[in-house]
């Protein structure tokens, strides 16, 4: 290795780095998502959903830009769920590929928190996907000017907590839960979703006089819950809340819950909406309460149509993450199309006023914190109960197709 | 040339390489290139700290990610809660890592079997990760510690106030490059000093070194403390560079795998090895972004191939590295 | 029966044997002589296939240079390693059975009985843990283990090393009786006089090179042995 | 809440989890004992076992028993290949203790990625081998979990028989004790090494297969068990088979009681802390012999 080699190597790398960004007449949407690492399952589903949206737009000739239409290219960067890797990817998309819209990150909150720090330096609009951390919305709210081009396409983590609290209030008036507040136990996995659900639910329920019996945090993809179940039985809380992101962990819990003959009220957050969960858990789900019931291809016509269309096009199993990915990309392309321009400010202006129905709900951003709005009209977290093998919405009352039925009353 | 210190004269290639690297911001201001190279330099310093313990002292530990993470979290938390400048808290992080390093070293001194050493250090790092993940009130666990301040602006004569925020990739690059140059200079001086030679004698034969009256305990303790200090310091730099920390990203086993790969590929027990390994792997990893999902596969295959066919690493593979197309080829 | 032709051995970058050629005729007992570090053990390991060699090793005219040690055992060569090297966690009986690893099961049990009668004193030790035995007892088991493979050529590396005088005599008696029974034997040993007395032929090494080879009586009669042992003392000091 | 019944329940839970740790650790210990290699890729054989069984069961539609047999054979062959390509050449070099660790670390990443390419990132699962609930001394247990307990006991007993009483097992023990002396006895040491590597991998694969119905089959599933197995082998004493088995059960019970006493989030930390304490007080582990210098 000589000095000359060093020079050649360094210059070569830099030249190569500079040469890559080239302009062309197409709309470029950059995406940062976990394509490898622990969250790859979700990341790849999101990616497939996004691809479907891109394909659909391109089949129609692309998005409107100026007088004509331009086709859409999607450029994916892997984050491995690691902030520094995600930031590198976002940097590349923004400065090298010069994308017109960045979806970043599509999943992990920690990566989104890191990427949003890039937002002030670029005019390009950036939108986070499934990241639910309330910290993201709070940062935007606290410095509107700095983060005016950053949007958050998922609701905050306390949506589940609010839904659960309201549900327990109903249950208390029905005398199914102790009037003065009962004892709650958590079994969650070690992810931002698990941790934030514990924090939000226990905060809201404590205000109502509840106490926390225990918080059991297990590693990602944990599947042996017997020690936890034995402990729950010994503690005998009034309500058990579980959160997992993998359907396997959730299915294992529910199956073992059933095998151990547990009788407490159990509410599962997030995992039951994954299509694979029902297949894995089988009949063990009977009687369980869960939320949010967002994607239901078996009963909701809109979802069924989407699932059929997506399955035909992608040739894979269609789950909630695919639908989410589809909606994020639809959002991005809809606002570009509405702006009829690739000018970042025009796109940001459209994002501020977008009102778009999609598979997962109606998307509109709250002007105070650029966060997707929540409520029966927009994104919501309906609570369902599995009754005779079918998940019926039991809360909010406006959407309910059935009432809560205690275990063993069949 | 005589005026230059010995450590500088000893490896002219390394220093000209480092100097060239420092010129990059003059050639390009592409934020992405600077970001990637900055990260590569951070990993190079981190791998160098491990290399000091493993390559020079023969302390085959697998838990250095703990020191990196401790440095990162201690510095980030004291900057956020203590309101101190990262320029100060960075040293808190380094000292905290060094103290923990010294404490960890005590039980390790009794262990001479390699697998035990490997497993115990790995276990220790996992304990630190779990602690960090579970102390949610302090670290926010896997929710991610956000809101870490970047290095505060410095007043540089002739340039005015230079800031190091996410928008200032060039100044941040120079900052990290200075850390790299300082670390390598320090390590270069250390391994050629009397202490450094004793450390390497211990690596080559504990028994022989012991029979010459060298206190194994003292030198092992010294090496691991210094090594942990360096890892902690660069961890702190990482924290104020990336601005978000999670236990998995700053303390995870993936970090250990990456560090092992960088050191082995570059050349274990050489000063320039970690830098070469880090540049080659980081640049090729960025190049492999197109390969997408299978970046890790390339990492794994590279580790196996290097261990099998070039156990001394690329730093000593003049033949391979001598071809100019190699570095550019890796970037493609 | 066994021939080395221009055999060289390297340990990494170090060459420890240089172009050694020698011949061990069938039925003879040969000893390998030389001062410390002359390469005596290496010659035996080269014969047994435990170190890779350059040059040729011929057994009954067949080139076995590339054959691994285990295959050579099947051809009738048995090496008894320096310092016994028993499987210390196992019983003496298990050690012997492993010595007959390549024999069919029925033949192995038969051979065990034969070996027990060939090596006096082994019978009483069979049930004991090999690691618990004394040095002399271990050497008896080691020789018995070597004999289990029904060898026609027995290689013994330092068979007397670290034994009590009484045990030395016992082991010597066994080796002599095996030699008388017609087995080809190669051994090495520090004690020159004893080695020459026990052997028909002798090979003298110095610094990894062959110095002399021939009938033991001739080697013993000349002054070459004395020159080597006396001379190298000075030369080695310089080399080491 | 610490009633005797609750404690007994937790001990039983610990025994079941521990039997898997024991199976993993036995293989790891066997490899270490025979060839002094710390196999970082051991967890990936656990993973491959589950995937092979899944493929044999769902894709080839074999009945359960042949599917398991096919999977075990597949893992054996894969392990022998890994040994042939990486471990065996490295063992001929100087200072291979560190390079084998590094190489097997690389192999583990490669195998994870091969699995990702072959089977995808989706979490999968096998159906229960046996249905139904069994009551064991007053504790409700699904039959599948009882099966795990029994299968591990049978396998460990089988392994002990193999090592104690067969010619092949004696050869393994001889190679473990002194490879050179074993060669001098006519034992083909490299072949024994390869076979041992394969058998150890089969033990890990078996753990993966019988756990497959209750855990998520995915390319990264091998990482947690290997960390556990590391803890167990050090706890029990590297290279000691009784140590691996008893250490495995011990770790399982410690973890289950840790959940009872603290909270699940500290479970791994409790186990790892016990490990460090054991190392401090008794570096050779509970059943190990004195450690040789590395």
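As written, the chains take the letters A, B, C and D, and residue 1 is the first residue of each chain.
Note that in this section a contact is a pair of C-beta atoms (placed from the backbone, for glycine too) under 8 Å apart; a residue touches a chain by one contact, two chains touch by 3 or more.
Keep in mind the model is a prediction, meaning the values are calculated, not measured.
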Touching groups left behind when subunit D is ignored (all other chains fixed): A, B | C
{"item": "Identifier of the chain whose CA centre is least distant from the whole-structure CA centre", "value": "D"}
{"item": "Which of A-D and C-D has more C-beta contact pairs", "value": "A-D"}
{"item": "Most distant chain from subunit B, judged by the mean position of its C-alpha atoms", "value": "C"}
{"item": "Centroid distance [mean C-alpha coordinates] between subunit C and subunit B, Å", "value": "53"}
{"item": "Euclidean distance of C-alpha centroids - subunit C vs subunit D, Å", "value": "41"}
{"item": "Centroid distance [mean C-alpha coordinates] between subunit B and subunit A, Å", "value": "34"}
{"item": "Subunit D, residues touching no fewer than two other chains", "value": "116, 265, 268"}
{"item": "Multi-partner residues of subunit A (at least 2 other chains)", "value": "36, 38, 40, 44, 190, 217"}
{"item": "Junction residues of subunit B - those touching two or more other chains", "value": "133-134, 293-294, 296"}
{"item": "Pairwise chain contacts, counting only pairs that touch as defined", "value": "A-B, A-D, B-D, C-D"}
{"item": "Interfacial residue positions of subunit C with respect to subunit D in the complex", "value": "12, 48-50, 68-71, 73-74, 78-81, 85-90, 94, 97-99, 101-102, 105, 145-146, 148-149"}
{"item": "For the subunit B and subunit A complex, residues of the former touching the latter", "value": "12-13, 16-17, 20-21, 24, 27-28, 30-33, 35-36, 39, 133-134, 136, 140-144, 146-147, 166-167, 238, 241-246, 248-249, 254, 283, 286, 289, 292-296, 318, 321-324, 326-328, 331-332"}
{"item": "Of all residues in subunit B, those that touch subunit D in their complex", "value": "60, 107, 110-120, 122-124, 126-127, 130-131, 133-134, 206-207, 253, 257, 260-261, 264, 293-294, 296-297, 299-304, 307-308, 311"}
{"item": "Sites on subunit D touched by subunit A in the complex", "value": "1, 3, 6, 9-10, 13-14, 16-17, 116, 121-123, 125, 133, 140-142, 145, 214-216, 218, 220-221, 224, 255-256, 259-260, 263-265, 267-268"}
{"item": "Subunit A residues touching subunit B - in the complex, by the definition given at the top", "value": "1-14, 16-18, 35-38, 40, 44, 76-78, 80-84, 87-89, 91-92, 94-96, 109-111, 113-114, 117-118, 120-121, 133, 135, 139, 190-192, 194-196, 199, 217"}
